[in-house]
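What follows is a structure written as structure tokens; I'll ask about it next.
Lettered A, B, C, D, E and F in written order, each chain numbered from 1.
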Amino acid sequence: MMNNIIVLPLIIPIMVGVILVFLRPYVKTQRVISLVTMLGMVGISLYILNKIQTDGILRLDFGGWEPPFGILFVADSFAMLFVLIANIVTAICLIYAFSSIGESHEKMFFYPFVLFLIAGVNGSFLTGDLFNLFVCFEVMLLASYVLITLGGKKAQLRESIKYVVINILSSWFFLVALAYLYGTLGTLNMAHLSERVAEAGQGPLLTTISILFLIVFSLKAGLLLFFWLPGSYSVPPTAIAALFGALLTKVGIYALFRTFTLIFYHEPSITHTLIGIMAGVTLVVGSIGAIAYQDVRLISSYNVVIAVGFILVGLAVATQTSFEGSIYYVMHDMIAKAMLFLIAGTMIALTGKTKIDEMSGLIRNYPLFGWMVFVVTCSLAGIPPLSGFVGKLLVGEAAIESGSYVLLALAFISSIVVLYSLLRIFLNSIFGETIISPEDEVPLKKGMIVPIILLAIGTVFLGLGAEFISGYVSDAARTLSNPSVYIEAVLGGN
Amino acid sequence: MNANQTIELGAALLILLGSIMSVISALGIIRLPDVYTRSHAATKSSTLAVLLSLTGAFVYFWVHEGLISVRLLLGIVFVFLTAPVAGHLITRAAYRARVKLTDDSSDDELKDVLFPEDK
Amino acid sequence: MKINDVILRTVTRIVVFIILTFGVYLFLSGHNTPGGGFIGGLVLASAIVLLYLSNDIEKVQKSLPLDFKLVAASGVLLATGTGLGSLLFGVPFMSQTFAYFDLPVFGKTELTTVTIFEAGVALAVVGVVVTIILSISEDE
Amino acid sequence: METLIILLIGILVAVATYLILSRNIIRVILGTAVLSHAVHLLILTLGGLKTGNVPLLTEADAPYTDALPQALILTAIVISFAVTAFILVLAYRAYQDNGTDDLDALRGTNDE
Amino acid sequence: MVEKILFTALALFAITIVIALVRIIKGPSIPDRAVALDMIGVNLISMIAVISIVLKTKAFLEAILILGILAFISTIAISKYVERGVIVERKSDD
Amino acid sequence: MFSVTFAIIIPFIIAALVPFIYRRFKLLHIGWFVMLVPITLFLMLARLIPSVASGKTYIHTYNWIPSLNINFTTYLDGLSMILGLLITGVGSLVILYSIYYLSTKESLQHFYCYLLLFMGAMLGVVFSDNLMVLYVFWELTSVSSFLLIAFWNHRKASRLGAQKAMLITVSGGIAMLVGFIMLHTMSDTFSIREIIANVGDLTEHALFIPTMILVLLGAFTKSAQFPFHIWLPDAMEAPTPVSAYLHSATMVKAGIYLVARFTPVFGGDQLWFWVVSGVGMITLFWGSFNAVRQTDLKALLAYSTISQLGLIMSLLGLGSIALQYGYSEESIIYTQATFAALFHLINHSTFKGALFMVVGILDHELGTRDIRRLGGLMTFMPFTFTVGVIGSLSMAGLPLFNGFLSKEMFFAATVQIMNADVFSLQSLGIIFPIIAWIASVFTFVYCMIIIFKTFLGPVQPEKLDKPLHEAPVGMLISPIILSVFVVGIFFFPNLLGGYILKPSMESIYPTFGDPANLTPSIHAWHGIKPELLMTIGVVLVGALLYRLLKKWKPVYGLLSSRYTLNAYYNNFLSFAESKSTNVTNKYMTGLLRDYLVYIYLFFILTVGGFFFYSGAFSISFSMDVRIRAYEVILVGVMAVAAVAMLFSKSRMTATLLNGVLGYSIAIFFVIFRAPDLALTQLVVESITTALFLLAFSHLPDWKKERVPSKTKITNAVISVGTGAVVVLVALAVLNYDRFETISAFFENAYELAGGANIVNAILGDFRGFDTMLEVVVLFIAGLGVYTMIKLRAKKGDENIENK
């Protein structure tokens, strides 16, 4: 099958990234090219997404080798929604980077690395081959390793060691799991795997292997095993932290959804219960962490953890409605988390302080910025009509329908904690007596506030305009809850 | 047993000889007292051992498959070329890094040249 | 105290030549015998590393004035570019093609796009390995 | 044979795990290197050992041994090489700036 | 017959490796270990040659050459490390 | 009907415009402009009163998210009409008042923006038919209330008060959301009308009770019912117009509205009856009891508001019992409670609004609202005094004022409930009139406090910052209008009853037929009935208690401040923060080892645990290939080399041993017929070793690790456990033989891809994509190494990041 367009979200960033290596001294050119590339990617993603609605799931067999023998990309609505939002967020973070990252970083291949990162992320969303997923993960991870150390500050080096080692371990688990899976099922194509699991029955051994996959992806997603997350999200430059906050865990989340709806969906009483327990515990510890610290970046990081728990509640419940809810919520979370991290970084850049009790009254100096903080607070707390609301609603509804009351309670209580943790930022740092005199006021660059505003518009649009995307979302959820649709698209001839 | 088989057997015996040589050199490396003497065992007899077995393999393939393996020949040449250099470098490095000679050594003539400050 | 590397350098000259030849051989023959872009590239890289080992950085750079980052980048571009090339022909991404030709001197020869791809891989590997080693070595 | 190799893998994994859990950064890196050795062997072993000939069509006749795991391992080897190179440099850069290679000393301060 | 001889040879090579490993573990100096490692490399060359015969394949002959090359390079690298503390010099004196 | 939708949207639009208009016309107080909005809306609604009174309702739907059934459906009926009129009517007066209250130095654009935001949201709450849209507006009211309370956000108390209000109301809102979602799962619709129409299907549902409780949580938090009332006194940090508007007249009524709205759904259930009326009663008592002790007039009014809200709430609870009986001649008597609730809802807004404005005037003109500093203002501020007295007496429930009427009806309802023969009311019903009476006594006491301590008694000019004077006329207009209503309603109550209350009775009792039956005619005098006796009792005992206030006030001292709900709330927050810091620090140690230990343990427990629990383990040697001696020896070499790494004393030894491992694996690759692998492994291993050596010149040699033996043992156990799990699962996998691998396909590599080396054909062609990406990985690593070495932080860059 020939849909070459769906490889573009991966190949274009890579090639442009490499080309930018040659353009190293020309910072301005690099900026323009990378932004244009990302905008182009957004356009392409939109095009593909719409094409899926008319043509069904698209697939591209690389080299023309039919599945299950070759590698292929499969673009269904679920994957493309992730791709779309990821690219939008990346484009916006790039804009922020223009005015904040500094020329020394820009000359040190900042843009190529970001493009590689997004290539890896897009590839992870699109691939239909489990080993290729591993490779795409590695592309993303290597880029993230570099980005987290970019700048070479003490704290960056310190935290990145932990980040790298933990990810090496998780990649190792991934390979072990792949070895087991290949040893049992003898194939790597996800649809084919699904078929074979269905044929053989998901016996205890296969379930064991699925739990191993659960661990692997949980490490990536920050589901329960999130120890790497707070440290490594608080050290890199703001634009990078925002990218991380928005994208990295989402890849793991995507993989969890994909594997546990497509391949290992036969023993929900074991796997999905485990996911449910992990999601619940994640919500609890994430909530505890979110109010434990004064550092804005740590607060933001634990908010990431909470969101992961919330989204995975949707997987644990595993109904079409819950998938829909999770998808809405993921999209919301990517945008809102990017915004949160950009805001946290901007606060630090403006005041030179990291803790909320050391800042005060920023709204007097930077009124627009202050209101953006308020918007993100409301958005993340799920206050309608901002974007968090629809996802929350649907996940809640699915949880009620399936009787998962404990998860329901934890999920909704966690949003109160989110509200509290962010209100603390808002009331301590944004409101209050101003501490910066007009003379000492660091000007807030346009390049910093514009991306934040764009994200704010995004969160408003995603909430008010939920109808615009509901078609895509329900299509995505339908595919998730009917694995046969996906399998048919991949293996069902040409 | 035809001629080919005999030659094959010969090649195999060559290899066996090589392996025995290698065990002997290994004994040297474990028994000899210091790095300089061990290096002797490692580079000289061990090289001989590998050359023997490679030659055996070369002969075997030649006879058995009618193949004159350039790669094997190249390998032989390569080992022949590099093993002594490697041995030289490592002992020199050892000396410069002041790895002790065995106590049995009667004389250390280089010491005055290389480390005059030790006096 | 000056350390003299005459023996090493003399041998190296020959050895590097052997390794380079071997590397190219591995890279070209990979499609039918063990080898290929990766291994070829790695072997070529190790030849260059050997050069650095036996000589100092400055000297090597004088005789080999390449920015290995860009070498690597060209390699990646080449490898991805072959994939992208198939888009122009309207076949799935990364479609490789091959054909047999009867060339005058070489006889029946197989020409395949995989070789271009592998060349990219090899270039990238050489570039990256040397970049890494040089970067570390240049660090004070 | 397979059982034996798997036991070996077990030993490698245990050793690697122990190394990774130590405080010295080099030990940790060595641990990751051993881990990747172990998993390469594992993929190969579970992909089916010695059941066929060398996967070279000109060299031997069918049955061939399973070539796919070999290709996967090749990819994995290269990736783990890349990662090892990176973390080695990371380790010494961290040492240069933080003045220690002891992970206990690299814990960083949470805000308390 | 031939096969038996070859397997014996393989076992002997393996024993050599064991002994060399003992030297690597025992040391005491780094050159000692380097020498032993070199020896292991060389023995592996022999083993690969023999295994090629046993498996009746030419597929591993490249490996022999490569191993030869690498054993050499590694030894040089280690000796330079021992001797000068760095492997690649920025600028040598001569 | 478009105009209702329009009514919701307009305030939002104007709110968005306010900042711009503000910038344009700096000279004119922007309030004048803003005031047009509620006035227009009020008139618009008022125009519809007759038709609504005749039973007409207006529905209009505007699609929002039709695929989820979430649509912007507005619904105007009697009940929403009451609230709508209150919102716009009181809103107009409050804005008028605020024009004089707030000087142009304040950031008026913010104030009016929030206020309009609130107005729109509140109208949205009462006009929405769709549950989700209702929820949207519900949370928006919390948000705008937050912003208004924190209007003077440079004050710490303002911020804390705003935070408290937001936390409590939003939490309640979230509970309510869950309740709404449950309603949706039960009824499959978000439309309140449809739910009410099909209520019969719901009552048997298992989720009925949880839904009810969750919805009530939303209502109780919003309406400041016990024990969630604690936010309301703190919300008094807001400017007084806000307190008058949001925190007495409108927003806090949203909870009441919600309960009234859902009475047709849940009413008739025993739990609903007891919870609503019980909580209302407790709130009524607790609010009035606490109001007496306040010295800040605004706080006093806050508690009095709480108390009055409790009163209305309990009336709604009492009235819901009628639904248990169903429509009959006998049950109509119980609907009178609901009627009283709605009546009091309006009355309360009038007199409490007036009182708040009076307090605002005092605060604004005299600089204080502490009753200990006030007194004898009657002569200096006659108009303010009059309004204050009217408001207070109405609140105290004395004749000539509307409070009397509704209070009487309240007493009547509590007495009436004792006659009910369900819900064990025969025995427990007696508590209602008792609590009602006691609470009313306290109410009377604090009303007297307002009148006597501020307006009568000795003047204390020395305690005031400003000279005594009457307020400007503009400020007095609004309270005077309200007090006119207070008196007017007393004399013409049935106008209100007929036009406004009657249609809303129909909304609450849709099954009871003609609302005219449910609408009693209100009389000030209705003979000597228990309620009248109770009122007389209240006045007598209240007057006595006020006289003896000093004697019994120490009672309040008995309530230690450590055990108040407020203290619990504050302690809970600070406890949560400090505890969570402790807990999180305990496991987020920053130590890599700890994190790895968690991961490994999790792996062993879940994978290993399930593996054994499920009995997936199986082993068989039948598949094994024959072992040769040299292979065993090589395995031994690797094992020894690996173990020796653990004990090696120098990093060089360990690195060399790692090299041995790498080379040995290469030989296994040879044995396992993987030539390409062997080649790659050999080269990569050598280069890796070289890299180690390169890096070593920048790193110190490792020192002997001083690790407690306990840690060592833990590490060893985890290591062995991990190894064991990996091995055992692998053995089981080995034994799992069901599928052919897909790789047979690749054996046609020569025909398919023109390559005789299958592995290479896979790498270059079949799975060339992997190879391409892997090159990218390598490239990133190379580039990354370069940047890491070349790009270093400048000195001084660290200060921020490294705290």
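As a convention for this text, a contact is a pair of C-beta atoms (placed from the backbone, for glycine too) under 8 Å apart; a residue touches a chain by one contact, two chains touch by 3 or more.
Only a predicted model underlies this, so the values are computations on that prediction, with no experimental measurement involved.
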| item | value |
| --- | --- |
| Intersection of contact partners for chain A and chain C | D, F |
| Shortest contact path, chain B to chain E, counted in steps | 1 |
| Of all other chains, the one whose Cα centre sits farthest from chain B | F |
| Chain of greatest Cα-centre distance to chain D | F |
| Whole-Å gap separating chain C and chain D, where each centre is the average of the chain's CA atoms | 25 |
| Centre-of-Cα separation between chain B and chain A, whole angstrom | 57 |
| Chain B and chain F, separation of their C-alpha mean positions in angstrom | 80 |
| Two or more partner chains touched - positions in chain E | 10, 13, 15, 30, 34, 55-60, 62-63, 65-66, 69-70, 72-73, 76-78, 80, 83, 86-88 |
| Residue list for chain B, restricted to those that touch at least two other chains | 74, 78, 82, 85, 89, 96 |
| Where chain C touches two or more other chains, by residue | 3, 8, 15, 18, 22, 26, 32-35, 38-39, 43, 46, 49, 69, 73, 76, 80, 83, 93-94, 96, 128, 132-133, 135-138 |
| Chains grouped in pairs wherever the two touch, ordered by label | A-C, A-D, A-F, B-C, B-E, C-D, C-E, C-F, D-E, D-F, E-F |
| Residues of chain D that touch chain E when the two form their complex | 53-54, 56, 59-60 |
| Touch list for chain F against partner chain E, complex | 628-630, 633-634, 636-637, 640-641, 644, 648, 650, 652-653, 656-657, 659-660, 663-664, 666-667, 670-671, 673, 675, 678-679, 682-683, 685-686, 689-690, 693-694, 696-697 |
| Residue ranges of chain A touching chain C (in the complex, touch as defined) | 1-2, 4, 7, 11, 14-15, 18-19, 21-22, 60-64 |
| Chain B residues within the chain C interface of the complex | 74, 78, 81-82, 85, 88-89, 96, 114 |
| Contacting residues of chain D [partner chain A, same complex] | 20, 25, 28, 32, 35-36, 39, 42-43, 46-47, 68-69, 72, 75-76, 79, 82-83, 86-87, 90-91, 93-94, 97-98, 103, 106, 108, 110-111 |
